[in-house]
Amino acid sequence: MAELRVENLQFSRDDFRLQLDMVEIKSGEKVAILGENGSGKSTLLQLLCGLLQGHGTISYNNQSLQEIPFNKRAQLFSLLPQFSEVIFPFCVEEVVLFGRFPHAQGNSFSDEDKKLSEQQLEKLDLLHLRKRQFTQLSGGEKRRVMLARVLNQQAPIIYLDEPNSSLDIRHTLEIFELLGGRNETVISPVHDINLAERFFDRFLLLKHGRLLADVTGDQLTPELLTETYDVQVTCGTAAFTFQHQ
Amino acid sequence: MAELRVENLQFSRDDFRLQLDMVEIKSGEKVAILGENGSGKSTLLQLLCGLLQGHGTISYNNQSLQEIPFNKRAQLFSLLPQFSEVIFPFCVEEVVLFGRFPHAQGNSFSDEDKKLSEQQLEKLDLLHLRKRQFTQLSGGEKRRVMLARVLNQQAPIIYLDEPNSSLDIRHTLEIFELLGGRNETVISPVHDINLAERFFDRFLLLKHGRLLADVTGDQLTPELLTETYDVQVTCGTAAFTFQHQ
Amino acid sequence: APAAADIIEKLDASEMVVGKTRNVEEFPQAQKVGSHIRPNLELITALDPDLLIISSNKFFSQEMAKKIDAELFYYTPETLEEILQQTSQLAQLIDRKDQALKLIGAQWQKLKRLEPIKNKPKVIYEITEVPLTVAGSKNIIADIIKAAGGIFINTGHRKMLRFNPEAILAQKPNLYIWQVGPMNQAPSPPAERGQYRLLQADYLQVDQLQFSRANTRSFDNVLELNTYFHERQN
Amino acid sequence: MKKLLILIFVITLATSCLIGSTAINPFSPSPVERDILLGLRLPRVLFSAVIGAMLGLSGSVYQLTLKNPLADSFTTGAASSSALGAVLAIALGLPLPLVPLIALGTGLIGLFTVYRLSKTNGVINPVTMILAGVVMNIVASAVISFAKYFFEDSLSSIVFWLMGGFFVVDWGKLTLCAVVLLFAYLLFAGKALQLNLLALDEHSAQSLGINVDRLRTVAFVVATALVAVAVSHTGIIGFVGLIVPHVSRSLFGSDMHNNLFFSSLLGALLLVLADAASRSIIPGGAELPVGIITALLGGVFFLYLLQTRRERFWHG
Amino acid sequence: MKKLLILIFVITLATSCLIGSTAINPFSPSPVERDILLGLRLPRVLFSAVIGAMLGLSGSVYQLTLKNPLADSFTTGAASSSALGAVLAIALGLPLPLVPLIALGTGLIGLFTVYRLSKTNGVINPVTMILAGVVMNIVASAVISFAKYFFEDSLSSIVFWLMGGFFVVDWGKLTLCAVVLLFAYLLFAGKALQLNLLALDEHSAQSLGINVDRLRTVAFVVATALVAVAVSHTGIIGFVGLIVPHVSRSLFGSDMHNNLFFSSLLGALLLVLADAASRSIIPGGAELPVGIITALLGGVFFLYLLQTRRERFWHG
């Protein structure tokens, strides 16, 4: 059963052109999108979320994205953009609570919403920062707040654009493990290939806006990576590996 | 001969406190700053650049930072902030040329400046984007433009706050190799420890605003990293390694 | 309307006035009810008047009259003739017809004393120096000048106009009247202004408070100007 | 806090009913006094409260919607385009009841123009919107200047109408404005959660299930309609819409639930106070234009806040 | 492009010397015509060019310095605080030659106040600065309203003065303004590279060796002085300072070398054209206030640009 189905997707902007013939993603899959800078990873996410409008069909559970009203979309998928901002002096707690918006009944958050937010704050190691203003955080702390907001949305599909950017190794591991242990579908551009290989099941390799390969973990060969990134890749050399304590 | 010397540096902000008893960094050293989110890496860089004002002494070549006038500082060190922005519609070429500002004679850029900028554009794989507006780039492309601007400044000390964030593996390698092959002192917070270990000589480990250790590459043991990040670290497990082609 | 105060006084109707605006000096017994531009509605209501005399401030006056249920009289004469017409209309409203007849007759008498002017001067009337504004043909001053035997330079069909100094030069006036008063408090004498170097004109200073209000004073002004014109041509 | 402020507000309302050019004995009023109190004073006090709330509310919404700390009824062109209609109606001597209607009309035309100009390919860009608004403001002001210039007989009416004030109030107008305010307040309060999300970048906001463009449009249209109604009845009263939302954000946080409420309440409080002062500050019945007092009262308070709590204003 | 524009500008200058209420034969003028041409027309045309350039230049600098597309002589409080002095001088009936001096004085006081308010712990925050400026603007406007109200007799003088125009031009004033403009232009042009860097975030700018606070201060002070001098001589001519810099950025790019030059040139061009129109549009010597024409001419052009080239305006 395909949860997300992309057919014949085309999008162009100036001299960049994204083209995807056919991708199906099943419920619960963890999909990493790999590719160089400018290969179209963020653009693809934005297309999948309906933030950009391309040609072709994108459908969730056999329903075309076009036909899904805005407020229903937020119950289908959530998005962590590559860069995000908060322009008013909201505090951490408030920003995380924003994530409950799609579930808010009427016009205020229920106690349930608040309890869930609390849990997210705890999971992302933010409890001690809850009253701090968002703008007064370090880069990694801001990123975690935004991640907490996204996870708080509890959508079955989670789009994360480079979720570990600015995060230290411990929080990176915590978050990937957290995601790995849950049922949600995760689709995420990642630059750290070793991390991707460890935590994701499936890999979409993009190059110049085209799908170079759509493979599972054991098919992710050095040759394929070489082709994707134009770098030499060897396998199995010594390095540190990290494990969440 | 210590190029940069920090003594008894103290800085506090709300409940965060940074304290550094003594660090000397010699000309040409490549120093990575490792530490969790919020451990004070960016704050330290800002202190070293004089963007924040703490207690204690910071001196470059035995001259106190306080006494160095603003325009002279730009010839001593350059900085890539963790996040940067360009609010007016400037194009890539113009932004990179900004880096030559400290060397501009009178009020316009010389042909020499323009040639050097050209070279930076080439080194950072930006030639094809030179006329593009900065705001119309992908995340990694923006980061490269900013790196090009910083390198274009040709300062003997380069502060790079997470230079590889948003960069794909090829550009990461290119930049670290570029830096490794040059004489400048590089001081840089980095989250990818394997990369850091491979390209840097010396490691300042920060935790909660304090210097946990100041070590060279072979002293960077799993135990030390465990203490820094609160994660289990093992050494020598298989992983991909990447080499610039 | 401050200009109408003089008429009311001359009609012997001062005691009928219960309220006045702040820059009306006549009628000490009347209560002040704010400025003529923004009168105080509460105070006016408290005085419960039957008639409101106002000049041009149509917007507020209509609303106000509706609210307090009083009759409205617009005192807006643009010529000497209209002054007299409106005087008699006003007199009718306040039942002072006899006094009005006398008053109007007295004004006609004044005009009969005018000397004929052969060599009619072309006249321009400066209202303010900065920004330079001059009187237009709808200003009472235009009619005063004409009646006194001058030629009022036609600057435009309005009460006052922002004007271009070079147009003044081009019109070659023989007489440049400049008023001094609250509107033009400290003008530099035009003869000393660099821009009028080439102007072959006489300059006459007048008092704004005397000249700008259209009431019985206007007729005296005609006489005064006429005398000046007469002396000037000799 | 909320309760305390409401209490202060109610006391202020009551007190200012007793302040004015004629002294009124509240316990045994004479018939004329009764008439003044109920027919003039009370509706005027209530009207100033309603208008203040309208202006405060619109400013609160504008700043968030346009992501600019200077967004208010001026920079969005709403105030001037509404004023334009009123000025033309006054200058041309149209029947009085038409003045607010025409003001509302030109206000809505201005609104529609700005909205059209700020939309390309179906997307609204807040910077474009505010630039279009500010140009609309300047063009409308220029036409107003022209009217002042051309209709010299109406100059003083126009100038004083523009200065703003509660000149003639009747229960009908009051009811109309109160209904508009209530409608807008309920609408915004019902969207407070959504409005909060506009503080995020567009993509994040959109992925939380709000149609950013539509929300912006609705917020902009309703806020502008508020301004148009307010301006058409009272002339231009600046300051409230710009400053009050900043003040309440700095005192009570950014959450729009609170900001909408406190912006309205503080706006109402400020105007009631300012109008009471304008009625009574000059002995002898002369009234100061209320905008002058609003600006002085509010200005001093704002500059004080700017000195003491600046970190809570904008961008953290 | 630059050369073409300069050529157009010179032609416009020459042509507008021949436009006005009196027709002048440029080849064999009568003595009166000569006098009008050299004593009145020419200095006025040059004056409008100089003032236009001053306003355009100040706006170009403000927008960058305060990082807000709405920053101009109004939102920084410069125009109103200068106008305040002039209005008071007119209302109190001070000798006319003092008017510009007093305007300059209050302008500088306003500038100093805004500057003081926007500085804490030695750091200037652009958002605080523009908020302080906008409050200064509102408070000064309120006092101006008060003057209009209180000095009823001067109302029309004040209103007409505020609408802007080239009232009394002589070679002395012209020389003064031209010198101020030249000084400011050279100063800014000498700092064009540094000003460019203000488009970066503060840390990047600072690490390139510029003292951001000092640069902001200098830019703000000089731009405000420009506005104060311009306003004190000509009243409030809006629009030029806000719109012209956007227009030149959209046409000729963001680089401040160009933007300073084109903002000045286009500002001058716009005002020369607008003044020529204001002198000649009503036959018979009556003048339209120049601000009205500026706003209409500029407004239409700007809205056209906003439709066609919006991506080049702000934030890319």
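As written, the chain order gives the labels A, B, C, D and E, with residue 1 at the start of each chain.
Note that in this section a residue touches a chain if its C-beta (ideal position, glycine included) is under 8 Å from a C-beta of that chain, and two chains touch if they have at least 3 such contacts.
Quick caveat: nothing in here was measured; it's all calculated off a predicted structure.
Of all chains in the assembly, those touching chain A and also chain E are B, D. Each chain's centre was taken as the mean of its CA atoms, and the one lying most distant from chain B is C.
Computed from the mean C-alpha positions, the centre of chain A lies at a distance of 79 Å from the centre of chain C. Chain A and chain D, compared by their mean Cα positions, are separated by 43 Å. Computed centre separation for the pair chain C/chain D is 39 angstrom, with centres defined by C-alpha atoms. Centre-to-centre spacing of chain A and chain B amounts to 27 Å, using the average Cα coordinate of each chain.
Chain contacts: chain E has residues 149, 152, 155-156, 160, 288-289, 313-315 touching two or more partner chains. Residue positions 83, 136 of chain A are each in touch with at least two other chains. Contacts with at least two other chains are made by residues 35, 37-38, 158, 160, 162 of chain C. Inter-chain contacts, as defined above, occur between A-B, A-D, B-E, C-D, C-E, D-E.
Residues 14, 35-38, 42, 82-83, 136-141, 144, 162, 165-173, 191-194, 197, 222, 225-226, 229-245 of chain B touch chain A in their complex.
Across the complex, chain B is touched by residues 64, 67, 189-194, 196-197, 199-204, 206-211, 249, 253-255, 257, 311-316 of chain E.
Chain contact summary for the complex, chain D toward chain C: residues 20-22, 32, 35-36, 39-41, 90, 93, 96, 99, 149, 152-154, 156-157, 159-161, 165, 167-168, 170, 279, 284-287, 289. For chain C in complex with chain D, the touching residues are 22, 31-35, 37-43, 45-46, 48, 56-60, 62-64, 66-67, 76, 158-160, 162. Put simply, chain D touches chain E in their complex at residues 68-70, 75, 117, 120, 125, 127-128, 130-132, 134-135, 138-139, 141-143, 145-146, 148-149, 152, 155-156, 159-160, 163, 238-239, 242-243, 246, 288-289, 291-296, 299, 302-303, 306-307, 310, 313-315.
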